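In what comes next, chain A is part of two complexes: it sits with chain B in the first one and with chain C in the second one.
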Partner chain A sequence: MPSADVVVIGAGLAGLTAAIAAAESGAHVVVLAKGHAATHWGPGGIDVAGIPAASTPRDGIRLLAGEPGHPYAFLGDDVAAALDWLRPHLAAGGVDYVGDLDTPLQAVPTSIGGTRRAAILPAGQAAALSPWASGERLVVCGIAGFKDFWPEAIAASLLRERIWQGGSRPASVTSISVALPGLAARHNLNALEIARRFDDPAWRATAIAALARAIAAVPGSGGRVALPAVLGIRDHAAVLAAAEEHLPAAPFEMPLVPPSLPGMRLYAALRAALIRAGGRVQVGEMIERVEHDGQRVTAVVAAAAARTYTVRTGALIIATGGIAGGGLVAERDGRLIEVVLGLPVEAPPVEEWLAADAFDPAGHPLEKAGIRTDTELRPIGADGAPVFDNLRVAGSTLAGQRYIGERCGDGVALTSGRRAARSLTAVPAGHAAEPGSKRA
Partner chain B sequence: MGEAHAYDVLVVGGGATGAGVLRDLARRGLRTLLVERGDYGTGTTGRYHGLLHSGGRYVAKDALAARECISENRILRRIAPASIEDTGGYFVATPDDPDDYVAGFQAACIAADVDCEEIPVAEALRREPALNPRIRRVFRLPDGSVEPWQLIESNIADARAHGSDAWSYQRLVGMERDGARIVAATLRDERSGSLTRITPRFVVSCAGAWSGQIAAMVDVTVTMHPGKGTMLIFNQRMTDTVINRCHKSSDGDIMVPVHTVAILGTTEQRVEDPDRYEITRDEVAALISQGEKLFPDLANMRLLRAYAGVRPLYQPPAEVTAAALKDGRQISRAHTVLDHGAMDGVDNYVTIVGGKLTTFRRMAEDTVDMVCGKLGVTEPCTTADEILPGQVPGKTYWLGHRLADHEAEGGGDADLLCECEFVTRPQLDAFLDRHPGASMDDVRRGTRVGMGPCQGGFCTFRAAGVVGERAGHAGATDVAEQADQAILGFLRERFKGTRPIAAGRQLQEQWMISGVYEGGLGVESLIEHEAPEASREVVSAQR
Partner chain C sequence: MTIAELIKDAAEEAVGYTSDECLKCNVCLTVCPVARVTDLFPGPKYVGPQAQRFRTGRAQPVQVAGTPVPLSPDVTVDYCSGCGWCTTACPAGVKIAEMNSQSRARMKAGKRPRLRDWGLGQTDLVGRVGVLFSPISNWALANRPIRAIMETTVGIHREAPFPKFGRRTLQATWKRRQKRRGTTAVPGPEKAVVYFHGCSANYYEQHVADAAIEILRRNGFETIIPEQVCCGLPLISNGIYTEARQRAHKNLDVLARYARQGYRIVGTSTSCTHTIKAEYREMLDIHEDDATLVANATWDICEFLLDLHEQGRLDTRFGRLDEDLPYHAPCQLRSHGIGLPAMDLFALVPGLRAADMDHDCCGIAGTYGMKKEKYPIGMAVGAPLFDKIRASGAPEAACDSETCRWQIEKATGTRTRHPIEILLQAYRAGDAESRTQSGQPAAEGS
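Coming up: the complex of A and B.
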């Protein structure tokens, strides 16, 4: 029977962070995931606290930590250390992140012609982070035949002052659309297909030359150019370097609707870091049940394809992504079910789940639903005591946060994941794995 | 205030009935103008389940309504085949349905001239395996599914070809009465606010549940009994056949396959104001639990949205009973033409009330017969004889037609903007060419962009991008506002439909879409923080 020191359920930012931290401390770690997580549909930045009232992520953490029941109340002080710890892991996977907790939150333009407040972004989006200089131009550059990026509509929207949320903005915004080699007559191109072409050095050189010519033909000079986030997948760093070298304006990627290349690169870097640390990830696994002895979790029973198998484990971390990730399921009768163990879920009454307007600035009360834990991320039962000694919950399944609306989900995920792992690996041994046993 | 050219008749209301009346009047030589306060088919017509009745639903209680249904069903198949999917219908007896109703059903159908054939249960289950295996008897009837927006559009096109016209987003805001006649009507352009005065010889109100509001403008009382019906859209066609329960009509007893989805109807609940009603979670739960008697696995299927419409129910004041006020199903589904000359002393004004979409053409014929009688016009009605414009005889709709047409045209090489409903860039361009100034909601109804299982999550901003690109090329100054309206409107409408059904996979999908658009793309930065849009009158979602 396969066994592990720590089983992590979920392969998003929280689960992979927890797994890397546990593996680093020498534990045998297995990540079991139903599928890919929010990384693949998010913008690939690290959103710590992008709330309107905050000037920096640090300021945002402070404000959110003051909200009743917010996980930053007990995690907030760890965010800086968690970021410092994660950054080299990502860099080793070819994705440099810029910005820190004191970087001013900047209104970064998006591919629907809006802006989002961000401070910590991958290098490919970093050029969007600095304030706009007086007279600086923005060129929005699309790819002919690509249906997930509409430069005219984006540029028209970004010309409006109010979109920039009171921050600095470009002096001019123009749009162009460029035919890239071999793609001009194509239809139904997707972001991944274009990114893979950019990975090819020969194609890349001609494509970037074509982009450079088109951008140079736009009146004005310098400034920045917004491109759809398709600048490579395996070899993104090389594509970005070539773009920075040859384009006559500072390039930055605009994240798109899924599949998100910046998010896929983040996932790949996290996965590589975990594998380097000796852990493994199995995607396509459905959790059937978790076995326990009343005090401790003892095994996870998973199903993939046609087989069911049991992994004995010393500890379990649930990082299943809340409602969006499928870790919490809302029933029609108003109950919320935690899918792995049926843990108690803190949630508002069903009549109060959703506000009347989709975009209510106060958010929807249901967003804060989740699992209540102690400061070591142990879920708390109805009696106020931890449910199992060796069980932890991390990420968007935690109660008290609006991980989308408060733009804090990434900060909570990586900080809670790391703390969950550290608190487990500090727990005295007592797990079931025999030394030298074959890993799951 | 602008003055419009002379019209013989003003038709108020751009639902199926209004469009049918417009067409009929135009074909009989009366120059007619139809006005609609929003887009066509956004009232009750666009908010029903899409059933083309065979009449089977009414045979036991209302044989007259049943006869009208089957007769119009046959006519519509002839004159509007492209708007109809010939799904056929099964009336199934579940273990809960009373034996005496089931035993008398076939005879009642035959008496009302409704084709009805009993088929073996095994055959029905073979064709529709998601049906409850415990059903006891199955009758096959000629039910179908009908696309209301296309139907309205082709009625209006025919009227235009006969010298009449229709204006959307024009709200009737007042009528002037001089003794026994209406002498003028004032319209307000809902987009620009400008007013237009017209002086028709005759006014026909096809305002359905809103008829009382129109009548009040000339001090006439029409007491409607608006009956709200709530419907649920599922993300799949668990049946390719319309399924009815073989019993006295009730809640949650009909499932209609519509394009790529299926719609479970309905409820019946009296509302005071046809612009203000909500859908409660209890209603949704009750519908599902009734629907499970037809499809036992229904609770596990993904619900896309809930919406509701208001039936234009009417009873003459003298006949209103306490029972009818309590239960709208007691009120006849037949239609009545109210002659305000005889009833209220306004000689050039009629109102058509009651009825249902299947019989809209017959309702129009009866109404126009009365109008023509009063105006001394002797032209006969020809609307049942002539096929509607843009339709091919005998070619009914089928689900694969967009793909087939696309392949027939060479195929493959067009951008697919909406994968769920197979809407290509050329199709969207063609729609926008035909409808300059169309809102994104109009685009949705006109092309079905965003109406499939993803509910606009992935096609919304592509459609907005196309609108932006076209507006930019056309030199429009409000490109960004058009794109904002497209994206925010889509997301708000989608949220509205999800709100009463929020649970399970659809809630997860809603959260994911929030993650993409709010978390990743900053959609909230597009919101202009001003007064809420006036168009958010109706609390329930659109279909």
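Coming up: the complex of A and C.
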């Protein structure tokens, strides 16, 4: 039975951010995760507040902070600092992010031919962020045999003016499909496999030359080229640089169905930052229960091949996600259960669950379900008092947000993760079982 | 099929039915070491939960219209190395690696196994014969022309790592020692543990057993070594479940007798202990009470020592070992779900700078990387690990699994030892330090 100062449950953006922040302060941190998901399923950007009414993320934070019970009410002022703190960690992992809270939200085209409002994106998607100049063309470039990206369908959809949400749009959208060496015969060709080939400098050179020829053959010049997000995994920065240098249009990646390469790169950079800070990540951990002594969490117990696996801990951060991520599950009788500790869940009445349009762009009311906390992210009970002293909750498990519909999930995740860790590690020295204290 | 039959089927085919939870997100592919290096294996999802839909009822291969024989939906499942990373990373709890192993076994069921696969599965038979003729067998395995013939005829790659057979088995040595010592009363379960040595310590690496026995004794535990056979994992990996079940039952009969008395079963081969803990029940579908009783009594040795430490009972008089120690956590250790106990124990040794190499798989995956057609895949899987270990410049490395140790040693030329050998060295350094402090001359390595 090993021991930690801080155990974090969940390895998404919130969990890993919390873990990095805690490890940086000298705490011995162990992340226990059921598997990979949140990062590997997402488009890899950092959505802070992409609501239609907002012009910039900062504007969006202000608007959301005014909504009753929204986590930005107490986290909003901290988002900028959290982003500034995270950026160098990601850059050290080879993933540069462009855009900040004052970058205008732009309708960025997606791989199903829609657009999504974004402002903070990895370098590979950066070329999608600037407004379209008059006469500027867009080439949507697919890879022959690759079934997760249909350039003709994407282009046909992007030709419709309303897709661009009232913003600027390309003057023309053309689709092409390029055969890349050795891929056409593959039966189950997937994004990761192509990305790994791009990591190989020799293959990369041939492939980019083929792409360049095909794009050059499209009438017009300059403009931008949308490619499926397959531009390398280990050596993404080099692949992107080569594409930018050799392609006759400014390239940007369109994130795809899972596993999402931009999301995987984000995960890899976060994990690397945690390992550098001395933390540990263990995936495949199914949490069975949490042990506590009165108001203090003392240990986390996970399933194992036989018996159970116990990690004694000075503190616990729950970052297991919301109803979509598995941090909350719904019972048939309409109760919502928080899976780790059975914490009190704040949720809309069950009558509203099915009344809503499942595809409402504003999101589903159930997204708002979650754990109510104080400003230090301690879960609170009906009386408003913290349920446990050394427990924090971060990310989409927090109540009051529509992490998908409001496009605020990433901003809430990284800001709450960092604050949760800091509030745990800032406890004055001499408090025997608190993190930061020496292990026995 | 009646409802009752369906329910019974679901209970017995627990692994296969987890495919219902699959979201097709392909996260498993992102962690698959084999798919990372070869196009021959499309990835865990394609041959696992995706193909499972076509394996109907009791998972018989589906009949394809117009074909004379039932076809398995994807024969490339044989390229799965069984490392288990897919199961670990799945966010939905699908038992992908287990499903793939069972599919492989079904694919091979009813056919005579390839001599090579059968032979690689018979580690105890090979061990017995090898030890019996050890000077000859060791010479043969080191002889390049013979290895080339073995590759052509049997299909075991000429470069595949093979350890040297011991001069006698651990069982024989132990009996000899017991005889010399005379009959002594066996201590109770508080003062003794049952040692599951597995094939490696029995036939090849008696020094690992010696280290385990000495460390256990230092911590107040005598060792009981009952008659035992191969855990059966090599047979499971090669899809030969019937024989694996025979081995499992033999071991369970012996081990359950001890487990019922409260003895714990401690093993130095992390893949054997994992097989006893998980695979007898999950893969071989042995659901008798004894299987659970024995599973719950079984410990990986580092897990056992760390547990002693948590109880404040571990002798921590480790001496200083001033060295860098690259450590590789084997896939099977991860499947235990016990964290990295060796790393936690290394942290107790003053001066020891153990570094987790943080690499998925060394590529050997039991007997996978020994096979002619899979050897290059295994080497490619392990390449980043080998590079890291070579780059560390460390004189030795550590790893809990024997086949991984052989693979790493062969590929890097770096001596690779079981964590408990390192710990024993630290204990001995501690003895020397305390003798020096108490004014007695230090005797190196005594």
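Throughout what follows, the second predicted complex is superposed on the first by the 417 of 440 C-alpha atoms of A that agree within 3 Å, B and C clash if a C-alpha of one lies under 4 Å from a C-alpha of the other, contacts with A are read in each partner's own complex, and residues count from 1 in each chain.
Please note the rule applied: contacts are C-beta pairs under 8 Å (C-beta built on N, C-alpha and C of every residue); 3 or more make two chains touch, one makes a residue touch a chain.
This one's a predicted model, so the numbers in the text were calculated from it and none came from an experiment.
When the two structures are aligned on the shared chain, A:161 is found in touch with neither chain B nor chain C. When the two structures are aligned on the shared chain, A:293 is found in touch with neither chain B nor chain C.
After overlaying the two complexes on the shared chain, residue contacts for A:152 are found with chain B alone; chain C is out of touch.
In the superposition on chain A, A:326 makes contact with both chain B and chain C.
In the superposition on chain A, contact of A:383 is made with neither chain B nor chain C.
Comparing chain B with chain C, the partner in contact with more residues of chain A is B. In the superposition on chain A, A:41 makes contact with both chain B and chain C. When the shared chain is aligned, chain B and chain C each come close enough to touch A:188. Once chain A of one complex is fitted onto chain A of the other, the partner contacts of A:111 are limited to chain B, with no touch recorded for chain C.
When the two structures are aligned on the shared chain, A:359 is found in touch with chain B, with no touch to chain C. Contacts of chain A with chain B, set against its contacts with chain C after fitting on chain A, overlap at residues 41, 187-188, 258, 326.
Note for the complex: chain B touches chain A at residues 281, 284-285, 288, 299, 412-417, 425, 458, 461-462, 464-469, 471-473, 479-480, 483-484, 487-488, 491-492, 494-496, 499, 501-504, 507-508, 511-512, 514-528, 532.
Residues of chain A that touch chain C in their complex: 1-3, 30, 34-37, 40-41, 186-188, 190, 192-193, 196, 258-259, 264, 275, 280, 282-286, 302-307, 309, 311-312, 326. By the touch criterion stated above, chain A contacts chain B in their complex at residues 38, 41-43, 47, 107-108, 110-117, 145, 147-150, 152-153, 156-157, 159-160, 162-163, 165, 175, 185, 187-188, 255, 257-258, 260, 322-324, 326, 329-334, 350-351, 353-354, 356-359, 361, 366, 404-405, 407, 409. Listing the residues of chain C that touch chain A in their complex gives 25-27, 29-31, 35-36, 39, 42-43, 46, 87-93, 274, 277-278, 295-296, 298, 306-307, 310, 334-341, 344, 358.
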